[in-house]
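You will see two complexes here that share chain A, one where it goes with chain B and one where it goes with chain C.
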Partner chain A sequence: MKNFNLNEDQQDCLQEIINVAMGQASDQLARYLDTFVYLKVPSIEQVSSQHLSDTLKSEAQSVAVVSQGFFGYEGIRGEALLMYQPKDSDRLADLLGYEPDELSVEEQIIDLSSILTTTFLNVFASQIDNQMSYSAPRLLFSSNSDKNTSSESSISEHIQHNSFNWDVALKVKISYQVTDYSFNCDMILLIPESAIINITSVIDRILEEY
Partner chain B sequence: MPDNPFCTTIAEQLNTGILILDLEFNIVEWNRFFAIHAHKDAKDVIGKNVFSAFPELPQKWFERKLSSVIQLNTQSFCSWEQRHHLFELSHTRPITTDSHFMAQNCTFLPIVTDKVVNHICILIEDVTDVCHYQTKLNKALEELAKANRIDGLTQVFNRKHWEECLDQEFSRARRYDHGLALIMFDLDHFKLLNDTYGHQCGDMVLIETAQKISSLLRLCDQFGRYGGEEFAAILPETDLIGAIDVAERICREIEKLVINFQDKNIRISTSVGVAIISPNDKRYEDLISNADHALYEAKATGRNKVCAAKEIEYILEE
Partner chain C sequence: MSLSVLICDDSNMARKQVLRILPESLSENVQLATNGVEALEILNNQPIDVLFLDLTMPIVDGVGVLQGIKEAGISVKVFVISADIQPEMQNKVLDLGAKAFLRKPVQLDVLTTHLTQHDIL
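Now for the complex of A and B:
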């Protein structure tokens, strides 16, 4: 497996940018959702395409997964996966400020995913003088809607059925907790190898400025 | 639209609807695509509140959605898969699809001037085409999945799916130490019936028998065609006495069944084997084999009757 060869300084710098982005994002979310949002210290690791489904299997039992692509200047791009556990969605409408009969559970999940992804990545991008654009979020898998027809019973199966045109990716995992609504979900950012090289050069520029 | 001549031309020619609102949700601007598909006069739209110009909008939802765009200064989306459309617009395939309104993918963009969000831009993409074909595809997939589970002739579960059900029920019963019963049916003298009246008659008998047995089972029981003239039912949470009771009742009802084929009244009967899960059964196949032995006994001792596998017999055989 190839390595990104992020040295210690680069790794620290990336971790710091992500930590600051998390802090600001959780503050914005807390004000918008009018409740406290806790974010756990993110984990950053490298995954190979062969091992992606294994890696995600450990996040198993997700009842719904939403994917949203993101892309900025300087070749920075990737895909955000929002993974929801059973029972997480009970009070989502309430949390989002909608009436439960105004929108389906699927729509609530997609709506929240988009808010979590874009809030975090906007702050992340502004830290590195970049600007993100997003594709529309898409429900990859939901045990609610697929129970009758789909043979894919988990996200790892969903991913296993695909072949990839990338070898290694950077995986950033951030866990969100909204304790007042007993709600948890994980955000997993997957950044393909080519985009990592671009991020590395941005990090080097930041490090030089210090 | 902006003063830049490129922007004006593009915005007017784009096959995407553009609607710009201020923070009070008044309509500031729209493009040609939106105007054409909305069939409204500019004077009834520009400067008007979006909810009075487009009363079809779900106001509370829409306000909350836009508030996230303004407050978080981030784009938001709405897909036809969750909401077929927001605005009641016409579309370009009114003849060859059954969509009354344009299926829409909507994007809500914050427009920042002087470092604050002052406007919201709504982009509307016509995805009536996508919606039409995706709906067709989903329907086809559903039918395929059904065809994969159902026996074409009798419309009950096919052997493959029925065995998968048994596999699941067996492991569940094992894990939670619950009861599970299996009933196997074999129509008596079916070959003779085929030889005498022809295969069309045989098919009709299979269809009517399957219907009859289905109607006598509970909703949670799983019934399928096991082979040619063999059927089988899985009865969760059922003990031997309960299963024999059901089997006897079905046996009597089949005996009473009169099937009319080409003005002839045809009567049939079935032999039935019953087994329940026992600690000796390691795999679901053991349960099938026990029910099968009981079925054989019913055949060998006069047909049109129910026989139960006996616990003692399993042990003796081993």
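Now for the complex of A and C:
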């Protein structure tokens, strides 16, 4: 496996940019849901495409997974996966303030995912003087409709079949916990190797200022 | 005599961001901590006038530091500098005794305004 490990300063810089974006996304989420969102320190690690399934196993109990691609200038791109944990689905409509039957659970999850992904990535992009475009969010898996498959196999299949062609990726995991509702959502960003090189160049420019 | 300052943030870049905009009168006696445990250890062992405190940190977070300061009755002016900008969090840290909440990345004019408001400059 090629090694795209960031050095300590690069990782620290990326983590701080992610922190600021995560803070603003959680503020949006908190206002949208009218509740408080508990934040944890995000994690950043390198994963190989071969072992992606293994690395996602801990998140694979999800009841729903939404995927959305993002594309910026300077070859910065990737895939955002929003993974909702088992406790959430029953209370999601209540949490989002929808009337029963106003929208399907799947539509509500896609709505929420789009807000989280675009808010986070817009703030992330603005800090590195970039601008993001997005593909339409896509529900990869829902335990309501996919009784015979697992979220893990749905993600692997999706990653293999879309244009996201990579051997190594940077995996950034951000956890949003809405404690009032026992609602947990992990946002996982997969940034392919070609984009890692581009992000590293941007980070090095920022670090030069310090 | 210069004031003693402690900057507590798990990010090296964030600590540098604060350091480089510190007014001269605050930049002579500065200590750094990378998490809440380190910060509380310093605060419990020596007088610190001003603490710039991050919230989202490993081991002991910023809220834990504020609680520790309150429980130990430590006298220090705390300025929270955080990306967790939710109104509920801002109110929480002010209730725990912080002088002000500043959003990351902190800007020179914002920092100067708050330090002036609290008679530090």
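Criterion: the second predicted complex is superposed on the first by the 191 of 210 C-alpha atoms of A that agree within 3 Å, B and C clash if a C-alpha of one lies under 4 Å from a C-alpha of the other, contacts with A are read in each partner's own complex, and residues count from 1 in each chain.
Following the convention adopted for this analysis, contacts are C-beta pairs under 8 Å (C-beta built on N, C-alpha and C of every residue); 3 or more make two chains touch, one makes a residue touch a chain.
As the structure is a computational prediction, the values presented were derived from the model and not from experiment.
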item	value
Which superposed partner A:Ile115 touches (first chain B, second chain C, both, neither)	first
Touched partner set for A:Glu107, first chain B, second chain C, both or neither	first
Partner chain(s) touched by A:Met22 [first = chain B, second = chain C, both, neither]	second
Which of chain B and chain C A:Ser194 touches, first, second, both or neither	neither
Touched partner set for A:Asn7, first chain B, second chain C, both or neither	neither
Partner chain in contact with A:Ser126 - chain B first, chain C second, else both or neither	neither
Partner chain(s) touched by A:Ser43 [first = chain B, second = chain C, both, neither]	neither
Partner chain A, residues of chain B touching it in the complex	58, 60-61, 64-65, 68, 71-77, 79, 81-83, 105, 107, 141-142, 145
Sites on chain A touched by chain B in the complex	28, 31-32, 96-99, 102-104, 106-107, 110-111, 114-115, 118-119, 122, 133-134, 136-139, 148-149
Partner chain C, residues of chain A touching it in the complex	8-9, 12-13, 15-16, 19-24, 26-27, 30, 36-37, 39-41, 207, 210
Chain C to chain A touching residues, read off their complex	10-14, 16-17, 20, 56-58, 82-89, 103-105
